[in-house]
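Below, subunit A partners subunit B and then partners subunit C, in two separate complexes.
Moving on to the complex of A and B:
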């Protein structure tokens, strides 16, 4: 998995690419969110358009990112999840836990009311 | 390094080798003409069970192996995955969709496999590890 990021005002958009299925590179996303939170960035969007699918390792990492942010008063939003990931979120009922948006821009805008 | 022979791949319990499992399974299923959406479901499940074998069964001991065997039947794919660790009883896992467990980072693998595949069997392997077999209709 490769990870790039960009900043839109106070919001950081993370763009992982490749499947999130385990192994050493899977933790990069979790570490990046932890580092951003520690440096005061607490509004984060993960744009998942580049992730075809993930397994429960990936879901666990998304939960870890969510918990890290919530514990420090921040917020996580997901954007552009693929059909396969949406199906996994539904099966596992995690669809009730995550805020998901059709585009990164929609997710960024959703922060503005905070 | 992975050892590949026909429809079987054997790996030492190193987490990075999960990529080799995914590549092997996807390539074989594509060769057998399985639809892309089913390939993804089967690969998700294969990587779930192999990760369980690497981390929970074999406890990342590189001396212990995880074996994945693929079989192509008339209308279904069958996968058998075996580790060399202690037998793992799936009944001991907390229900991952219970409200109080939703924010747990682990414990969803077997649940997902049971949801996505048609038949899932978990039993003690002959050598004492865990053997997981699952099938998926492809026609």
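Moving on to the complex of A and C:
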């Protein structure tokens, strides 16, 4: 998995690519979110367009990102989730927990709408 | 036999031996002051017996009052040189360093003495030189007026000389006392036990020789003692043997002054050869006398005969002797070959790193006489160097230093001894270099195994301060190689033990997990169940359970914990216990799941979760009430080929607090099949990384739905296996088949 990030105003957009299936490189995502949260950046969008697959460990990492942000008063939004991941989120009923958007821009504007 | 002659020979032998040792010591490292001072002292000491022996051989030709005769006093320079030696052996004293030039003043009395005894040895002769009556007119005119003064001076000199020779003994006496005191205190300056032993032998040897010398010469000269001539000779002989012997013994046995093995061996060889030859000469002479006394006359034929026998026997005797000497040296613990050999043997029989380190420290400090040594090993997990040193108390002291790539590359490319300066040039600002400089490191040896760079050995100077010689280098290289092997072996050994232990634990855990699965499946007249579960590793995060509820219905549980292996298995067993206990409380599925969610959430971090499907099947009414906590939807295939997915429920378990769940119920008809499975089945991949998927599962299921559950399960497993081909299953796989039969009564 590769991770790039960009800032759009107060919102940080993280763009992981590849598979999120655990291992040391997947924890990079979690650590990045933790570091951002600690440095006060609490509005984060994870753009999942480049993630073709995710297993239970990957799902766990997403959940942990969400929990980290929520516990410090921040928010996490997901954008452009692929069909496969959407079905994963549906089965696990995580769709009820994550806010998902069709594009990163939609997700960003959802923040400013707060 | 002429005793004087024998004694003279022994004196001569001692003189030659002393000279030989002096050359040896000087040759070993002439740049070192202690070597120069020792060599010179031994040289002066050798002059004493040499002059005595010469006196016996050619004494008749030299007048006792001639200057030539008095050159024998040259040997007395030994005394100031001895004080010098005492000042810089075994280590230089502060006072020696302080008086840079002034220290040569201690030679003044002896130089004066020598001048007096040689140039002015015979005042009468000197006076004759300036006797005006034997000179020309010019000389007469010049010297006649001062003749009385000259005669007077001559007489004065004569008296002075006599007095001086007598009194000069007190100067020697003082020097000897001073040297003895300094030498004795010198032993205390040495702390290393091995070095202390050789130093003590040398110093006690010299001190006892000096004491004997005082008794034999200085005391009689000072009129303290009178001794017979033979007594003096005996004491001198003893003093010589003790003085030479102690130094020779220290060289041979304890590598005094770091003299090399080859040289030490040849020293012993020369000594013994000289003894053998001497013994031969004595025996042959003795035999000659016996023959003379037997036959009354000389029998030249017999002499020749004995000489021939002796010559024939000489070679075997010498070769025997050679063997003996070699064996003596091989047995020697300080021998470098033994050092390497013993180390190799000992280090091969231990597997613990601490024991290996202790052995290495022992050999480097006690046998190779390095002041300090450090074992620095590259850490397995990160780029750090773990440096182990032995403290004074014998404990291990560990320091961690950051290891830079360039240091690793430099050291792993080098074999044998590396001068620390080379590393300093290579990586001057590296933290490793900085750390090693503080430890006064001088030499390094890389430890490299087949797997790459392990670390290195670091050593300070040798206690003696000498540079490394050929023997040291050979030993150190061997020690380095053996240590590399030992460390690698020890690592492998420890890994294998660890692996074995883990494997045993894993097998145990697997057995426990197997035991948690139900062995007896519930069975009724109008339904049957089949189940299969296989972890991808030894233990896994999948589990299923069949529980008879208090309402006498069949509880079916299928769960999948996130992750794999032991961590997942631990959470699975917790879940197993929690679900069982909740069901026994006769709760609704929704309530049960909410409670279990709370439990798992509190017990684990949010990224650890589980999906769980719970169904409550009533065989009487064929009603299946279920709640799905984020699990793959079980597939319900009715006889009418309609497919339903059991979705109702709520969030997966353990990720979030305060989750509520819903439940649903379906009525099963005869021949209906329900397949419960974990994602290990649906997400099984083939070699093209394509997933098996829900669609294929439904296809197989509907094709074989007429079969009993066990066979349906079998067909599904066969199908997924043929789909996966050579790709292995990456996840735990569990499936349960429930089939409702037509009640035939």
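Here is the rule we use: the second predicted complex is superposed on the first by the 114 of 114 C-alpha atoms of A that agree within 3 Å, B and C clash if a C-alpha of one lies under 4 Å from a C-alpha of the other, contacts with A are read in each partner's own complex, and residues count from 1 in each chain.
Assume contacts are C-beta pairs under 8 Å (C-beta built on N, C-alpha and C of every residue); 3 or more make two chains touch, one makes a residue touch a chain.
Here the structure is a predicted model, which is why all the values come from computation and not from measurement.
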Using the touch definition from the top, say if A:23 reaches subunit B (first), subunit C (second), both or neither. first
By the touch definition at the top of the document, which applies to A:67: first (subunit B), second (subunit C), both, or neither? both
More residues of subunit A are touched by which chain, subunit B or subunit C? B
Just subunit B (first), just subunit C (second), both, or neither: which does A:59 touch? both
Regarding the shared-chain residue A:96, is it in contact with subunit B (first), subunit C (second), both, or neither? both
Show which residues of subunit A both subunit B and subunit C reach, each in its own complex. 22, 55-57, 59-61, 63-64, 66-67, 91-94, 96-97
For subunit C, which residues are in contact with subunit A within the complex? 560, 562-563, 605-609, 611, 629-633, 649-652, 655-656, 679, 683, 731
Write out the stretch or stretches of subunit B touching subunit A in their complex. 15-19, 22, 37, 40-41, 43-44, 47-48, 51, 54, 96-97, 102-106, 108-109, 111-112, 115-116
In the complex, the residues of subunit A that touch subunit C are 22, 30, 55-57, 59-61, 63-64, 66-67, 91-94, 96-97
Contacts from subunit A onto subunit B in the complex sit at residues 19, 21-24, 52-57, 59-61, 63-64, 66-67, 84, 88, 91-94, 96-97
